[in-house]
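Two complexes follow with chain A in common, the first pairing it with chain B and the second with chain C.
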Partner chain A sequence: MLATLTQAAADSFQSPSIDWHAFAPELVLIATIVILVLVDAVKLERARPLMPAIAGIGLLVAIIPLATLAAEGGTRSLFEGSYVVDSMSLVLKALFIVSAYIVVLLSTNYVAEGDYWESEYYTLLIASVLGMTVMASSRDLVGIFVALELLSIPAYMLAAWRKGDPRSNEAGMKYYLMGVFASAILLYGFSLTYGVGGSTRLTEIGRSIQEWGTDGVPVVTLALLFTIIGFAFKVSAVPFHMWAPDTYEGAPTPVTAFLAVASKAAGFVALIQVVYYCFIVRPDIIEPVFWVLSVASMTVGNLIALRQTNVVRMLAYSGIAQAGFMLAPFAVVASDPSASLTALVTYLVIYAAMNLGAFACVIAISRKTRSAEMDSFGGLFTYMPGLTAALTLFLASLMGIPPLGGWFAKFGVFAVLVNADTGLGWSLAIIMAVNTVIAAYYYLRVARSMWFDDVPEGVDAVPVRTPAGITISIAVTMGLTVLFGVLPAAVTNLTDFSSVAFGG
Partner chain B sequence: MTDFLNDWGLILITFLPLAGALVMLAVPKESEETQKTIALVASGAAFALGVAFLVNFDYDSAGVLQYVVDREWIPIINSRFILGIDGISLPLLALTVLIVPLVLIYSWNNIPSPGNPKAFLSLILLLETGMIGTFVAQDLILFFVFFEIVLLPMFFMIGVWGGPDRKYASIKFFLYTLFGSALMIVSFLALFFMSAEQTFDMRILQDLGGLDIARTTQILIFGGMFMGFGIKVPIFPFHTWLPDAHTQAPTQGSVILAAVLLKLGTYGFVRIALPFLPEGAQWWAPIIAILAVIGIIYGALACLAQTDMKRLIAFSSVAHMGFVMLAIATLTDFGINAAVFGMVAHGLITGMLFFVAGSMKDRYHTLEISRLGGMLVSAPKLGWILGLCAMASLGLPGLAGFWGEFPAILSAYEPAPMLNEALFRTLMVIAALGTVLAAGYLLWMYQRTSMGTPPEEFADDPEITDVNTAEWISWTPMLLLIVVLGFFPSLIFNMTNPAATAIAAAATGG
Partner chain C sequence: MASSPLSDFLRSYLTAAIFGSLGFILVGLLLFLSYLVRPNRHQAQKYLSYESGVDPVGSLWSQSQIRYYIFALLFVMFDVEAVFIFPWATRVEAYGVFGLVEMFVFIGVLLLGLVYAWRKGVLKWA
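The block that comes next holds the complex of A and B.
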């Protein structure tokens, strides 16, 4: 009996033809993970200095197939449309891999000097990046969930990497519990979605939802709500943001940078996949839900950020507020879907550059001040003017002051909101304008203590050397931030998705 | 020469100061003389280009944009890199490139505490690029970018080199202006999406004249711009950042703020808000006029109550910008001419007043009016210069201030036909009363600070010296211009008239 069944299964199973080229970036990352594990197993302690180099090279090599895929152009659809490599997923994969490379540069000294486990750190980091790249291509509920777990579980461990420090343990634990909770909600949403759509493939679900029309509204609404809430945890949108400040503050700062940029972007990518390929036919639910999330995130994030005295914690809350800005295009998604998508992805790319830069500066400065408290940054301008100026420019970019990249990110969002010409769009544009001003205040407070205040007592006002890795990452992110601001075409050429087709 | 100016002139004049600032970053902090020289050379080169523009400008067609540069910039939103100048931009451009080198000369031996000429001077150059760019940009987004660039340098100038309350003043300045600009960018976008052409090109937008935008929409969009430009001017209820910023800023910052930065707002009204949204402008004009006149009277009364000389000059700015706004609100060519003249005159005169106040502060270490006195005895030349500027500021005929104020008042006698004549004539009378108050507070201030005998504490103070060489070099051009423009106002009116006529025609839908 069993034998015949397996025989029948084996006969009916046909190995799908795999487009290895389309998979190449992921394969390179998998190979990097394998090499990291093997080198660690063979050379033991002597492997430590090699680890960041191997991880960095692996990430750089992964960019090569991305470039060749981009050069060939076109859309590659694998596994009957469950896994799609198109211009959007390539941009996002490049975003993840480059961000991770910068995080590796930032981590090199931090991890080595802190005497933390090194091999495992980089292995987990690359595994998480692998999950993100998979996420960028998944057009299937199962694929999305697997990618989400693959990128999250290593991140839980990385957050707790400073084992000796209870704060770091708290960070990892909180992140883990909240993350698992979010996954559970998400799975519930997915199961409802599957029930509604009758398939795990997003495009087919989208088609079914369209056929349902307005029948079965409660089920579709619930499916959508649970799914969005699951991802809202990931992008730290209010009211699902509670984990972010404690996790950001407690985690090693390079990991915080990784969570704040790459992990958050991955959450947005998941939202894009689900909203654009599955639920786009129901803007009547999507738009108000995202309006509320967006307004709550930017307002609450900003107001709490005003009271922070720790720069990393402030950046965490500012990240929540920025997530609010990024959620805004979803609130007008029906008017011009591809313009909204362009605005969002443009924002993600620019945000990655400027936020990584800000974290790089904070890491470099904390090497001197031994703290990220705002007071300890006092008078920094007098003895470390270069880093002061760099951090000031990144903060100005986060504020949205031209000619730094941030202005164009915000501008793009304003543009889709105004263009939609709906009540939701106009109200959101005004709320966003007000929030821009509130945000400026706390960014300026950091600038203020660095430039205007005196050096705090007991600090010897002698600059410390900044490691080359951090200097390079500041230079790269600064170059990109200025480039995106002065010539926004540099990023919009990549994020112009007007030709991409959505929906079922 | 003409070809060169045509192709590269405006690009160079805009970005030379920025290039200077970048070169300064590469030079070590210790070689202060080199830093100062680079800054002066960069802004001097911009000044030379400005002179070349003044000489080569085609005054017969001053109503048309000249030296236009038009390049691709952000294709996805159809925004282009367009620069150009006409009769309205030119005087303001000339004012900017004149004031900045003078400020740098003034700073030569006079970097405010805590020093660091490298940072201080490169911030001034960055400011210059922003200011020049705003006056020459002919694309709304480009205009916005330059308009915003000035924020950060000014913030740091006030915050690092300012007086005791500098932290509060700098952040107040920044947040006020940022709020205005956030609303401004929303209205720019609205203008873009509502108009038939979907363009940010200011030349096309002026030709369209808001034709295809409904009246209510125009009023709303104008409201956003009103906040953006009005806070910068500043118009009456939004002026509270100005006295703080001026009082706390270092002398150089105050001069630049008064002479050029405030003009970005009024220029925005003239260049963008009025011609692009005529029906909005007509609805808002009475409101602007009323607020402007409130500003004139309120500013003057506030001046009478001030005990600090710098704060007094700051409030007098509120009053003077009120005259400019009143003239703009008439929506006539006469009014716009008066407004542009008023901007230049106020830039020169109030800039000079802040220079003198700064020099007095260096000597007396206080600007408390009640403690000062007898400057005509202890530093006679400085005293006479202050007297001349005070006279110019109160609008004495024969000096530039007169032509800024008198035509502005006169223009309210006959506003554009669609506006309420009775209202504007009433406002005219009230504004005229404002000039009496101006004479009052300026003469009273002059009397208390310069006449009589020096008070005991300053009687034999060796620090109270007369005008020194650097001050003479930086002040003479401004003083000369105040007198020359007082006698030959047509120098500017000839430039502005054709452009002002075009803008007034657009604003009244004619």
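The block that comes next holds the complex of A and C.
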């Protein structure tokens, strides 16, 4: 039996013609992983100071093929359409790789000073980024699942990196268990999707779903729901957000930044793939589901964030609320698909810049305060005015105050919701407006504590030096946050997807 | 109702469900019958865990060596490698140079893992 199978496979075998250029960013990342492991295996402990440098250079080199691919333009389709490199996937790959580079900058001192395992840290980080870049191009159920596992499994380990701290172990454990649970739900959804579509390729599934029509096929609804729920865990949408605050608080803060930005963006990318290439023919199911997810996420996230006393936990709940804002364009997806997509990807890019910046500031401040409790931030302005101003700027951007990037991101989503001119769109826009006001309270509370409160007892108001890596990442993210707000064309030129073809 | 592919699909589940429940009923029936006819004498020894006739010693919770796990992990790595190599080896000439290079890249990356494990001292049984 096996012999005949291998015989048949071999007889029909032709060496595939692979577009190496389209694969170049992934290949560079794989090479970086191999080099990291090799250097670690050869030099052992002496390799520790080299690791962040190798990881950083690898990520920077991976940007070069992205730039050449973008310069050439066009859509490259590999493996009979299972793997597509187009303008959207290039923008998202750039987002992942640049975010990871900033996380490497943030980690360098944290990991070295904390005396944690170093080479494995960067190897796993890059492996996770590799999964994200694969995710951005996959147009196939199997490819999406493999990418999802490749990006998640290293992240489970990274979340538990502070081995000696029970809270970090708790973070890793919760993330792992919830992640596996989500994978199981997702796989069930995928199996139903495959049953409905008769193919693992998203475009073909989309075509089949269209042929099924809209009546009497409850299995399509089930497939869609399970798939969306699987990814909703990843983007920490309410009611699938339970892991996020504990994981964010317990994990090493640079890893938290990575999870909150890159990992969440990867979840959204996966949602974009399945919604836009496969389920877009059923807006009657998609739109209400995303309306509920979006409203629940922003409302619950914001209300719980009001009561937080730890800045990292507050940022976790704010991340849940922001995920709600990012889910909103899906709720009006049928009216103007490419406008919704543009609003969403623009939000992802701007959110990455401002959230990474906020985490960078928290990491820098925690080097002094030794905690992320809001009380310990009191009177920070008197002795570390630069960081205070930077964090305030990022919080203002997260709030959505013009002329910062966060304002334009929110504006884009509002515009899409209102232009759709549907009941779902209008109601969601109103709920979003209310939530934006609620969010201002907790962001400003941190700012007030830093600017107006007294320095807490027993703290010598002496600043500590911020390492160059963190300073650079704060400068870069701050520059981008301001640039995207003042000159939105800088990001909208990249995220104009009106030419991208969707659906079956 | 016209037979659609989906209802055919669901009907095969129905067959599976009928056979599954028949299995449960059969086993349950036999257990119930033996409950009716067997003698019923309680003894403390009957509630001990069975360890090949030896009295169990110590607590139920025991720690096992993590190194067994690591060796198992390394074994799985090369076990899975074999799954890919055997079919490839049966028809290696058909895959040509491309197949050869591909397989060596694959084995090379896996070997890298072994080298890493060896250098980190995992292979020492100390």
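By our rule, the second predicted complex is superposed on the first by the 497 of 504 C-alpha atoms of A that agree within 3 Å, B and C clash if a C-alpha of one lies under 4 Å from a C-alpha of the other, contacts with A are read in each partner's own complex, and residues count from 1 in each chain.
Methods note: a contact is a pair of C-beta atoms (placed from the backbone, for glycine too) under 8 Å apart; a residue touches a chain by one contact, two chains touch by 3 or more.
What you see is a predicted model, and the numbers here were worked out from it, not measured in a lab.
**Q** Putting chain B and chain C on the same copy of chain A, do they fit or clash?
**A** On the superposed model, which is not a single observed complex, chain B and chain C fit side by side.
**Q** Scan A:263 for contacts with chain B and chain C and give back first, second, both or neither.
**A** Neither: A:263 stays clear of chain B and chain C.
**Q** Of the two partners chain B and chain C, indicate the one touching more residues belonging to chain A.
**A** B
**Q** Output check: A:219 vs chain B and chain C. Expected answer is one of first, second, both, neither. What do you get?
**A** Once the two structures are laid over each other on A, A:219 reaches chain C alone.
**Q** Just checking: does A:13 make contact with chain B only, chain C only, both, or neither of them? Give me first, second, both or neither.
**A** The second partner, chain C, only.
**Q** For A:195, is the partner it touches chain B (first), chain C (second), both, or none of the two (neither)?
**A** second
**Q** Which partner does A:40 reach: the first (chain B), the second (chain C), both, or neither?
**A** second
**Q** Minimum C-alpha distance between chain B and chain C after superposition, to be given in whole Å.
**A** Scanning every C-alpha pair, the shortest chain B to chain C distance is 44 Å.
**Q** With the touch criterion stated at the top, can you tell me which chain A residues are shared between the chain B interface and the chain C interface?
**A** none
**Q** With touch defined as at the start, can you tell me which chain A residues reach chain C in the complex?
**A** 2-3, 5-7, 9-11, 13, 15, 34, 37-38, 40-42, 44, 195, 217, 219
**Q** State the interface residues of chain A toward chain B in the complex, per the touch definition above.
**A** Going through chain A, the ones touching chain B are 342, 381-382, 385, 392, 396, 399, 401-403, 407-408, 411, 414-415, 418-419, 421, 429-430, 432-434, 436-437, 440-441, 444, 448, 451-452, 487-489, 492, 496.
**Q** Under the definition above, what is the set of chain B residues touching chain A in their complex?
**A** Touching chain A from chain B are residues 29, 72-77, 114, 119, 141, 144-145, 148-149, 151-152, 155-156, 159-160, 166-167, 170-171, 174-175, 178-179, 182-183, 185-186, 189-190, 192-193.
**Q** Once bound in the complex, which stretches of chain C touch chain A?
**A** 6, 9, 87, 90-91, 94-96, 98-99, 109, 112-113, 115-116, 118-120
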